[in-house]
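Naming follows writing order (A, B, C, D and E), and every chain is counted from residue 1.
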């Protein structure tokens, strides 16, 4: 299994705006195994680099350095024809279910495009059957939605149709970029449920990009947490959520408002002024200005990933490595 | 639990309709509730539920094609909806302040931060506030003094939101309405801002209405909670009661849909279809999506007291509380 | 403070509707379709009217009356009397100008000519704009820089001046030539607009979806992006028609522009030169001015309508 | 701002600006100026670009003589008379005694000799009058303080009228030696200017010049002439027909530049005090440049005189007068401008059975075409499979020009000639089309020149001036390139006329003899007289020149306007 | 905001320079594409005035020399560029030998005066109308003003000028018919003169104002509607601020910003539109100068006037770009 992963992200780095520009993603590596479909959660605040990663995996931007290899293809070096082939295997669902539709066309356009360009069907009837099948997988009927315009559907419906579209391509990986953050709470479950179903029944892996740790905890298998373009902590989702190690992740999980009036936030936290955050981008651990455990050694270099218990559970923090002890 | 408290804001039968060529959309329909002195009331609902419209109604700021059809909003016994425009203007902010949603766009981009706080003070007190007063307000919400001469675009989202809080408390109002005040922020910043808000609220003893869709945040912040669905208030209860034993099926769905961070559990999916807002079903507004819909739901469902302090608009509330309600007793219409 | 939205998360219920309900729903959809905009129709109607004057006039009226001396001089429209006490006749229902040309024939030929210059100039300008705008927005980089600086520079140069220089140097030009010249100055704003729109659309969800669906660059540009640009393109086109007509009329009123082809501007120029105002020959300058006004109001209404199509906020106000 | 307040403000400003002006108005005469005074502080008339029609040569600089268009005589002004030798190569002018410059210096023969000398010695001064002097004068001498003698390079009986008689527009103006001495005549600005006239410059800006009466004027002192009645003369730029019409209707202008008949009627309807040359239709006076259709005689088929005559017969000149000039002018009887002083020559031509009828004779014209081998087939005449067609170039600067050609084109079309108008820019027309012969036919007025004798016009079509197409016609003469046997005979007679004295009784007969060749071959077709409808306002001033009060023509922008100003009287 | 980064300044200066260079080249090249020899035109004009010219060839050669037409094109071009930069546009052909620069110098103040007067009035009235049209509290009358305003916009300025002249000068006699100041008023720094200039400038300015304010009104309306929907305006209302204060400080202040840029761009067009108005009112500014030059085919003057107008436009755009950050704190100059 580790020999030939489905998706292999190798030391990928993305810098915007020249060599001294903003480091959106810093030397990141990740593997998704081929024969064990997973929902891998990529989590972090806005600006943490998680959307950059999604765009890199989808081939929308090219890495500044490093490689993304999918099924033997180097995603950063695909010709436009190869890119189309690649997209047969890697699909996406985006945050804004409305924006994903071209308002000029009826809903069926999103299916027609895929069928036409990927030559999925030979006849109209076959195409129709495929659409129906895809829609059934997300609990919708073609006659209800296909002839409508996107604005005539509800947000939940729109997002489920997007799932159906991705499913119809029968990809091996779906990048789901915040698929539920713009959907009402009472409808979220139906979309998350589709994701789990596609993983379990369709054998499709997901890169689930989100800022919402709760849903990640509910459906995810593995989780990767970013802080300002750097990986803070990764591991099995249960391990990370129930037993966070990185001070940032701890703060993050502590800050999620619990739907339980008896368990309210304890204590107050301070936010540093913006300037300090900005200067912190240069070297060392990005979290230093806000970290209660910050030490000089944290400013020297970006801490490597240290194993912190359960297999695969690792955190980028000097608290768990030898450098801290050495410094003290 | 039943200590007698003063009602600061009394909303009765507030209805705000939006005109369309084919009839009115009942964005807020016959909403009634009380806000007690010093308490925080949560107003939750999903998009389109009418919670923001209700706020506009309370502030009497409904813009065309909407209009306030009926109701009264009594602030300390004065009906805001009946006031002359100039009198209403004087009441605004000095009595009833607003912390808006999306502070990103709620500050005038061409005015300095301090000027935007100063102008409201000057308008209502007739005096230009000294610099110290502004700095004091900044301090209360944890903002550095150096932003005094800055422009909004120079601040981060969290800071702007705190500027709005500082602005809201500038005149020690009786009531503050916080409309989704933290929903655009990242989790950690959201917590900081929400806690700042709570701290200021407690320090000033001001009453507050928090509008939002995040049940988690409500659980953290409010004393009582009102749930809206499609323009109607379907349940009002103390926050503990609401989370422990919701009496309205929609409240129950909302609470159940919040994913937990403490235990993994199967996702609970609600079916049914939302109705056309221009053409609501007769009777209970929720019947098309309700898992417990029954023939008697075709009758209008007024808000009624189920338990002391807990009101719900459901004929089967008792059954639901008792856990004996049978699912889906009518076929889809 | 979001506005109350009726189109998010609310799917119209389609069940159990009576026929009356369905009819109402249909009407509602028409309201929801922004293209069914009264301003658009009134504006379009006005322009169509002018085109109709051109077409019907050619069929029903003797256009040879446009020649000098084809009627009495300075005859008033039917039902009026001029300073010399002559009354209008049905031979020249709108009167004649100072050279005895029939006003109706002048207008039948002149009004469509003026519109033609505007439309042609704008069409050419738009084509250049679409090409350069898409190139700049989609290709980006150095190409984008060059196009942007060029259009910035050209926006600064007042077209009328260059045209004045050109016309003084060359004398008579044809309508088409004038349209071509004007076109050289109306491509900048569509270029800018399209470039900006293409840039923002490039990262939009549906363009990404199209990429993910294996769509070619051509498909993305012309099947995904272009249809959504239609309101903007159309709006920009209409605005450019207005600019082009204003520029053309400006030249004509200066006595430049085509010398021999009747246009509204040329007619006004001749009227003014001949002292039509003091002679109370109101039909001579008034009728072309009125037609120009109708043309501009038509264009304005279309533009306002288009604004409302692409910006729903305007629909209320 | 409320409308009442606007009104109040407006009237307040109006009052402030207008105070005190009302009584001055009655003493002021305001003339129309149809152009901007580009360089108001330059009074060097030697440089091109007219720097004198804003009053300088109407009120300040006086000519030696003024040609009277009614009588054909030269009215003496600064000069009292002249004598010439038999072969017209030597002219002696006698100056008036007692003339003074406005700065008090005496005007005498030295000034004349000095001024002419400047023109002779400075090649670079290029005003038309100066270059004419340079071309004609061999030397100039002072005989005594009041006598000057000119020796010419060639015989020229018209020397005085051409150069010092205000024949057309201006005359060679004498400048004060005591100021110009030592200055470079090409660059000297001559500001403030000095002249001998009864007015001195009071103020000048780009849009107006104001002249105040010099009550110490020499003419009044010597008793030669009374002081003119207006205390002040203003030349005001008006800007276009519409505004000049409104100004004169509103009594803010006393004399306006030419307007159209319709405009004049409208002015009169508003203000009956406004008059013109004739009290009623057609109102206008003739201009010295009659209009004609110039034909390039080198281009087939128009190299055939029959073809040219055919066109002349087809054209209905009365319709041109009615449509293009709104009836304000008449068809030309001959090539000459129809002034009183030209009448003997015109009559001589007509008596010889020459000249053109007012109406067309299309059939006769068509017969000529057929005689030349053309046959009508459908709309047009054809010969050897070619349609008979002609391009007529027309200067697009004025609607009068384009309209006339429109009418001509229509007439030719109806008669079976596929004529087409080719409008060209003013500069192209004068710069390329006319002088280089780049046309088939064109609308022009190149037989312009004669106002009291026939030679000036006739002399422009001699074979001496023929150049091939593509070369510049000298002085715009004979642009038709008329060069045939007839033309040579014509030239011989015209040369003879040129050598005769101005009022030699043999001349009319010779004119008729020469005209026969012209009439036979038609290198150009006289069309209509040109007209000037010059409105005068009698509200404040009377004594304007009219047909009944014909002391001279009414062109107040000419050097002859001194006469008009002296004739003005305050209205009762 | 505030400080202008050098790279931005350099960038803008390059654009400015390019604009001027391209414009200067265009107005030089275009007349030379024409088949007509400018010296011939000059001679032709002499002939047009008098019917004939003596010594034509000699005069022509002289003219060619004085206009430098005997030199190779490329030399002429660079000489032209060099001279133009120094505001030396050569000699007018129509009023030879007056330098074009002195003609422009004499006309420029009048045009600037009239333009500033009309532009400021138009800008203020147009934007105010546009703002009031959107403002909820403005009277109904204002809200129907826009179609009326747009009718005027379709009128060529020359007609509006003539109509105004007809009504207010010829019929009502409130204002003078022509000129830039009273006949008997001497130019100078006196009250009489100033009043006279205002009195004379009113109608020309008004005829420009009534045909252009609709443009601003319409633009402002669109901007105001956008601003009206902004959250900060709604919050301002919730703050109980006085409506007028909201209108000025929160709405107009933000809506007007793009209009300022448009203003700079419009300056060139305004002068072009002023040409005919100046002509009919005999107002001796650049417009009149240009108009006469067109009639006279006086290319040095046409070039000079065009160049100055383009320079003014380019400079005003440049200046507005530079000061923009001071009026809109959101904008930062990017390098």
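The definition used in the following text is that contacts are C-beta pairs under 8 Å (C-beta built on N, C-alpha and C of every residue); 3 or more make two chains touch, one makes a residue touch a chain.
Nothing here was measured: the structure is a model prediction, and the numbers come from that model.
**Student:** Chains touching chain C and chain D alike, please list them.
**Tutor:** Output, common partners of chain C and chain D: E.
**Student:** Between chain D and chain E, which partner chains are common?
**Tutor:** Expected: C.
**Student:** Based only on mean CA positions, could you tell me how far chain B sits from chain D in angstrom?
**Tutor:** 90
**Student:** On a C-alpha centroid basis, what's the spacing between chain B and chain E, in Å?
**Tutor:** 55
**Student:** From the mean C-alpha coordinate of chain A to that of chain B, what's the distance rounded to whole Å?
**Tutor:** That pair's centroid distance is 32 Å.
**Student:** So how far apart, in whole Å, are chain A and chain C when each is placed at the average of its C-alpha atoms?
**Tutor:** Distance between chain centres: 49 Å.
**Student:** Find every residue in chain B that makes contact with two or more other chains and list them.
**Tutor:** 46-47, 100-102, 106, 274 - these are the residues of chain B that touch more than one other chain.
**Student:** Which chain C residues reach two or more other chains?
**Tutor:** Answer for chain C, listing residues that touch two or more other chains: 1, 8-12, 168, 170, 272, 277-278.
**Student:** Mark out which residues of chain D touch at least two other chains, giving numbers and ranges.
**Tutor:** 240, 242, 246, 249, 425, 428
**Student:** Which bits of chain B are touching chain E when the two form their complex?
**Tutor:** Counting only chain B, the residues touching chain E are 59, 61, 88-94, 97-98, 100-102, 105-111, 119-120, 123-124, 151, 153, 164, 167.
**Student:** In their shared complex, at which residues does chain E touch chain B?
**Tutor:** 1, 230-232, 234-243, 245, 249-250, 253-254, 257, 327-330
**Student:** If you look only at chain D, which of its residues touch chain C in the complex?
**Tutor:** Listed in rising order, the residues of chain D that touch chain C are 240-242, 245-246, 249, 259-260, 262-263, 265-267, 269-270, 319, 323-324, 326, 396, 399, 402-403, 406-407, 410, 421, 423-425, 428.
**Student:** Please name which positions on chain D make contact with chain E in the complex.
**Tutor:** Listed in rising order, the residues of chain D that touch chain E are 7, 10-11, 13-14, 16-18, 21, 24, 30, 35-36, 38-39, 42, 47-51, 123-124, 126, 128, 131-132, 134-135, 168-169, 186-187, 203, 205-208, 210, 234, 236-240, 242-243, 246-247, 249-250, 252, 289, 397, 425-432, 434-435, 445-446, 448-449, 460, 472, 474-477.
**Student:** Note which residues of chain E are touching chain D in the complex, please.
**Tutor:** Residues 35-37, 40-41, 43-59, 62, 92, 94-98, 102-103, 106-107, 162, 165-166, 169-170, 173-180, 182-187, 192, 195-196, 198-199, 202, 279-284, 288-289, 292, 295, 297.
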